[in-house]
Amino acid sequence: MIGHRKWLIPDGYLPERSTGELVSHEAVCVLNVHDEDAAIRLTFYFEDREPMSGFVVPCGARRTRHIRLDQLRDDAGRGLPRGVPYAIVVESDVPVVVQHSRMDTSQPALALFTTMAYPAEA
Amino acid sequence: MIGHRKWLIPDGYLPERSTGELVSHEAVCVLNVHDEDAAIRLTFYFEDREPMSGFVVPCGARRTRHIRLDQLRDDAGRGLPRGVPYAIVVESDVPVVVQHSRMDTSQPALALFTTMAYPAEA
Amino acid sequence: MIGHRKWLIPDGYLPERSTGELVSHEAVCVLNVHDEDAAIRLTFYFEDREPMSGFVVPCGARRTRHIRLDQLRDDAGRGLPRGVPYAIVVESDVPVVVQHSRMDTSQPALALFTTMAYPAEA
Amino acid sequence: MIGHRKWLIPDGYLPERSTGELVSHEAVCVLNVHDEDAAIRLTFYFEDREPMSGFVVPCGARRTRHIRLDQLRDDAGRGLPRGVPYAIVVESDVPVVVQHSRMDTSQPALALFTTMAYPAEA
């Protein structure tokens, strides 16, 4: 089956500031080309505290899902802090492909970056 | 033979706005180093609807092709919507290498990103 | 164990200029998902001189570490020069995942780029 | 030996315009961690003409080389055209690691992108 069940992303960060109409954010973009729905679990690692887990997002069969990390909430309503370095582990019960992107509008005129996540196993 | 016949790109998006002389767009860039012409088929996955297929672009022997996704049309003249998250599957009958880039001119001063696509099989 | 013990990054550069409140910089972002602390060793390669080594940074068990290269110092207090091309080899005694990013604020409005580093062995 | 002898980069482009003090350019960044000097050969592929070869650049033992594509010349003094899509094949007689980056200053405030090149064989 195409894709992997675990992906890692070391450089996570939500800029504290935004300018203009676009909000600084990150997205974990998932592609599920299979005929089964996938449940996507996200765990966040920090520099100075234990990991946060409990974030689950569905990605249907033959669907993509662009998960906005600045809007993500766990069961208790907790979200990610801004201005704090983190890293991300993405797990799925169905093999998927994962790409990570950031939009930074701290200064007038936005900046973007992206990379495929690092696949941990087949 | 160098390259792969299938490549996946989870983070596709055509920004709704452009400023200045450059139009916000994405490109799927294909390199075919072989001595046979390649036919490149693109399928687009969405968050809330079935995939769109029917987009075919040639890439000649020993040629590159930078496919502008904002200008791409299928046999029925349909194109991709702006402002909607999607993902891309690129298939080729000859092994190729695929890279995906976005130019975003939503705000004055452009932003760029790029990544190699994810190869699905040899 | 997830990750690799050696990662390479050919395009390192600290821009000489910064504008606004954000300083032009690079970060080597490390994710250690294991239950053992990691010691991260960085070696810098140049175009016209022998490599610089002697930079060691800890990354705890179940932690990320975003290493700011403009602030990094070796045992003798030496740092990296600005305005000079370099490349980076990252070594860890525990397998980790490594991503490399640059923020360039040479002109008003920042620019960003990122990529996974290249893993040298399992 | 660490690295590969052949790397591919589908998305090459030299923007026609530049603003401010920085010139729009691309760089092919090579890292040679071995104790032998490497000769780096670049071939450029286009959408509508045969490939251009004959570009050779040295990268010494334990050295990096950031090859500016806007300044590159072959034996006959020919360089790359601006404003034309191309793709790049990088070959080395010693295994190296290759990353590709673009700086675009078409609009006030620069943009950057980068990715590891695609390795063709060990």
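By written order: A, B, C and D. Residues from 1 in each chain.
In the analysis below, a residue touches a chain if its C-beta (ideal position, glycine included) is under 8 Å from a C-beta of that chain, and two chains touch if they have at least 3 such contacts.
Computed from a prediction, not measured in an experiment: that's the story for all the values here.
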Which listed pair, A-D, B-C or C-D, duplicates the contacts of A-C in over half of its pairs: C-D
Same vs different contact residues, chain C with chain D, by half of numbers used: different
Inter-chain centre distance, chain A versus chain D - centres from mean C-alpha coordinates, in Å: 31
Distance between the centres, which are taken as Cα means, of chain B and chain A, whole angstrom: 22
Numbers and ranges of chain D residues touching at least 2 other chains: 108-109, 111-116
Chain B residues within the chain C interface of the complex: 109, 111, 113, 115
Chain A partner contacts - residues on chain C that touch it in the complex: 2-3, 20, 22, 27, 29-31, 33, 62-66, 97-99, 101, 103, 105, 108-116
Of all residues in chain D, those that touch chain B in their complex: 6, 8-13, 45-48, 50-51, 85-87, 89, 102, 104, 106-109, 111-118, 120-121
